[in-house]
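To keep things simple, chains are lettered A, B, C and D as they appear, and every chain counts its residues starting from 1.
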Amino acid sequence: METFTGKVWVLGDDIDTDIIIPTEYLALKTIDEMKQYGFSPLRPELAGLIKEGDIIVAGKNFGCGSSREQAPEIIKALGVKCVIAKSFARIFFRNSINNGLLLMEQPDLYDDMTEGDVIKVTVNEHVEYQGRFYQIASLPQNLVDIISAGGLVKAMRKRNGLD
Amino acid sequence: MGYTIIEKIIRNNTGAQTVKPGDIVTVKADRVMIHDIFIPFVADKFEEMGFKKLWDPDKAVLIYDHLVPASQLDDTRHFRIGDAFAAKYGMKHVHRSDGICHQLMTEAGYVKPGDVVFGTDSHTTTYGCVGAFSSGIGYTEMASILGTGTMWIKVPETIKVVIEGKLPDDVMSKDIILRLIGDLGADGATYLALEFTGSTVEEMSVSSRMTIANMAVEAGAKCALFTPDEKTAEYCEIQLSEFQKSLTGDEDGVYKKVIRYRAEDFVPVMACPSQVDKIKPVSELEGIAIDQVFIGSCTNGRLEDLAAAAGVLKDKKVADYVKLIVTPASRKIYQEAMEQGIMEILSEAGAIITHPGCGLCCGRTGGILSDGERVVATNNRNFLGRMGTSKVEIYLASPKTAAACALAGRIVSAE
Amino acid sequence: MPTGAIFKFHNDLDTDQIIGSQYLLLPDLEEMKVHTFESLDPDFPKKVKAGDYVVGGENFGCGSSREQAPGVLKALGVEAVIAKSFARIFFRNAINIGLPVIVCKELPDEVNTGDMMELSLSEGIVKAKGKEYTCTKLPEYMQNILNQGGLIASLNKEE
Amino acid sequence: MGMTIAEKIIAAAAGVDHVKPGDIHTVNLDRLMSNDGTTHLTVDMYHNKLTNPRIADPEKLVFIVDHNVPADNPKTAAAQKKMRDFAREHQIDFWEGKGVCHQIMMENYVCPGELIFGADSHTCTYGALGAFGTGVGCTDFLYGMVTGTSWVLVPESVKFNLIGKLPEGVYPRDLMLTIIGQIGANGCNYQVMEFCGEGAKTLSVNDRMVLCNLSVEAGAKTGIFEADEIALAYLQEQGRKPKAVYKSDPDAVYAREYTIDLSAVEQVIARPDFVDDVVPAKEVCGVKIDEAFLGSCNNGRIEELRIGAGIIKGKKVAESVRFLVVPASLSVYKQALKEGLIDIFMESGAIVMNPNCSVCWGSCQGVIGENEVLISTGTRNFKGRAGHPSSKVYLGSAATVTASAIAGEITLA
């Protein structure tokens, strides 16, 4: 199974999609134009600090609120490798899978996490942090199919005989 | 073995013999809705996926409501892309300035009891008010439905909410759903369906049920459901079929939890800045000075909401230096409100009445505020930065409470 | 006054082109000035340096009374505006904020963007491309306001 | 030597018996109006630039929020809040979301014989009631607010002798655009356009507002009519009395004189991007449009709403067109509600907005996008005025605008 390490940014509970990307920027033409405004209502400087391969660890109900798919796309465009949270809002979870943004539900990591530290992740198994192993639940089969196809678009292209 | 309403709808839709929570099934879409902000993204993904035609052009509805009238230079690009997409793929149901998507989908007859409907907006749960399974999805998901006509879902467990008795005069259905969200918490119904029943619910108009269904998503719910009855039939202008009549929770249906409320216990409440589940009785917030009141949105912009506000505002004036912005939910409601003299009362009181659409609720225009300002609003979200900067305080309330606050210039209870 | 570069604009140059309506409610001129001449030459704010000149044709500054129009030019360091004729409100607003506005019939037709020029405000003479141009004198009352740096400065002096 | 109406108003305000063009006088101002286009800058200067901040007479001031209502971004809201708090602190008359500033001034404040400064170029509208209204910048406004006075260069007057009567289907807007097309965008620079003659008697106060409002588009310091019985009847209806009723002396001196035969005027349109590029309307028929706008302080009153409703009753707006209908003030909106006009527009598929400047000034609801075309009853059609720099604006009468909204291309009613 894939393993990687990454520097962690910590966000709290109920991070809604208006915080991830405010409505007024949704009309911008491309995700690249929008990503600089990521998290701006809560931490305006954050989008500029996130580097390729960083990881977000958050509390419960991450991604609640609007069904805007720009939310997971922006997190991915900022270079975030994966988001580990106590729990995810339904639509955000589904949109992330459709866009190939890796999400993991883990109830305890958030409580022990300090922003700036580095963690080691083994997909579908566990996260290693300060010598402790935090178990990760594996995804349902239909979601694994979409992810292994590289997201819903690629899955549909394959269905339509394009790839 | 008995079924919940959502299980019955899914059985009917898939033809499966048995259906239980946790099953992964593929449902056929009876109708889908796309609005103006996301049509460019839906169109891109649809063509990127290699689809050549819509599975059924008659089943797709395109509605411009977030960007009407346009307030930023780039807004009209969304209209041009939407018009081109509709023309290219033979879509006939396009509404360009008729009101909010979630108001039109039932008002214009696109959604019937028992239908399975998806929309590119989290408040698509609204159509549960007529007993439809309707839920919000992302634009990539919508693109795949437009091509295939189907979508996989996990059958949700259901929480049954039973409300019995008669509501106090100053309480509206908005106070009920706010109280429920406060009790459940913003993620209390994640992955779950909410079924509403009880004498209070049976007494409610479809419009009042819409307010409740609309905000179910604010507790994380996948959908909300009301049993179709005579009021539903009259609203949808149909005769209920046997299947539609059967859409009630069986006595021996399996529910994750049952929550009971006595109607008499409800009081006017508000969601305080900046979470929808931060609920307090209005009585505990009396006296807080406000700068603006917004009455509108797909949550509370209907005729009965405008009438409730007019009842409070009649022959009175909005407080000095306070703006009251009224945005009716649809063109049809605007006209009915004119016929009933409601618009005259509201304009006499000094209301700023804008064209039907999402308006301030979607945070792009329609009354944006700046640091240190406070607004009492009848929409469904008060997140950080939702109506201006992150230093704007948004209190969610019912139209009756909101109108009373507009008169006083501060938070007060409606008499 | 030292020599400065010329930025030339067409006749009937209205104040919407100097600063667009959507920027008028920004908190101050510093935030607005980056949008000066955006519809005609988006790079103008980067190209213009303190001491440069704006040259117009007939009816420069027509249209809205927005004082932000002369305001952003002054905030960018424009030394003066020279034109064949000015629209009334722009002319008055420029004087009121201490931005020299010089009426000169011949110069605009004989210079182009990028040419250098020198203005001697007191003598009312403009030197450009080896030639001297006399400018019409301001009414004494207006020249007085300009010399004191604008209307508010003159008001404060009266206190 | 005789004086014109404008000269008499200035003389009275300067407290002198006689003035002549070219003189400079210090005058007392009867009224000062400022809207949300620039008041936030005035308030900043008041606090930061004055050694002795004070207000001569708060009673004379009127603050009106009309340009960006309801606000469409936080910085607009902050500018409006600064204005609202200043008005509350100094007890200045304050209107917000009640209509376009000049319509509110004409309905509630303007009296014949007054000298009024407004921090908006279309303050010249008030000449329709025999008052001298002119647009100023916010520094001028601040000086006037603090001292109650200002300096004025006495302008020459140009006489427009109107004869005959406008034909059926030809409106005051066609008349004024024709005049501007004839004399050019700086035809009356620094001058006063005085409208008189038998033809003037055929024009209502609303018609006169349409003419005076656009006088600034010909460079004029203001446009003015004598306050005759038509004006005084309008004033009485509003419950106000004139400060003074002036007539131009028979021997008053005019810089120039034009005679305009109203019966010869035809429907015209101003083409992008200049108000004086005026051609017969039929020359541009057929141009595809994306948006039509019926509103503004020039053409958003009950008379224009009646014309529009009359044309569109029982018909639908073209599918590809956004037809914006924006009553000029709340009282116009209430009247239109009573007459069922709002219902007619709603039924036709129009977008009916709250009273404000809307797309006429281009930074509020209704902005048009790249390469889009707008036909408007607004006051200006400069490049990018209504939105994207590549967009185009045509100016026409309420009838032409409404007919075009139905057809989806520029058409005559």
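The rule is short, and it goes like this: contacts are C-beta pairs under 8 Å (C-beta built on N, C-alpha and C of every residue); 3 or more make two chains touch, one makes a residue touch a chain.
Predicted model, so just to flag it, every value in this text is computed and none were measured.
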Touching chain sets, computed without subunit B: A | C, D
| item | value |
| --- | --- |
| Per Cα centroids, the chain farthest from subunit B | C |
| Centroid distance [mean C-alpha coordinates] between subunit D and subunit A, Å | 54 |
| Whole-Å gap between the CA centroids of subunit C and subunit D | 27 |
| Separation of subunit B from subunit C, taking each centre as the mean of its C-alpha atoms, in whole Å | 54 |
| For subunit B, residues that touch 2 or more chains besides their own | 72-75, 77, 364 |
| Subunit A residues counted as touching two or more neighbouring chains | 24 |
| Junction residues of subunit C - those touching two or more other chains | 22 |
| Topology of the chain contact graph, where touching chains are joined (line, ring, star, complete, other) | line |
| Chains touching one another, given as label pairs in label order | A-B, B-D, C-D |
| Of all residues in subunit D, those that touch subunit B in their complex | 69-78, 81, 84, 87-88, 94, 96-98, 290, 319-320, 322, 324, 330, 333-334, 337-338, 342-343, 346-347, 349, 351-354, 364-370, 372, 387-388 |
| Interface residues, subunit D side, partner subunit C - complex | 24, 36-38, 40-41, 44-45, 49-52, 67-68, 75-76, 78-80, 119-121, 123, 135-140, 142-143, 146-147, 151, 153, 185-186, 189-190, 216-217, 219, 221, 274, 361-363, 367, 380, 382-385, 389 |
| In the complex, subunit B residues that touch subunit D | 68-77, 80, 83, 96-98, 291, 320-321, 323, 325, 331, 334-335, 338-339, 343-344, 347-348, 350, 352-355, 359-360, 364-373, 388-389, 392 |
| Sites on subunit A touched by subunit B in the complex | 14, 16, 18-19, 22-24, 26-29, 40-42, 60-61, 64-70, 87, 89-91, 94-95, 98-99, 140, 142, 151-153, 156-157, 159-162 |
| Subunit B residues touching subunit A - in the complex, by the definition given at the top | 24, 37-38, 41, 45, 48-51, 66-67, 72, 74-75, 77-78, 120-122, 124, 136-141, 143-144, 147-148, 152, 154, 186-187, 190-191, 220, 222, 275, 362-364, 381, 383-386, 390 |
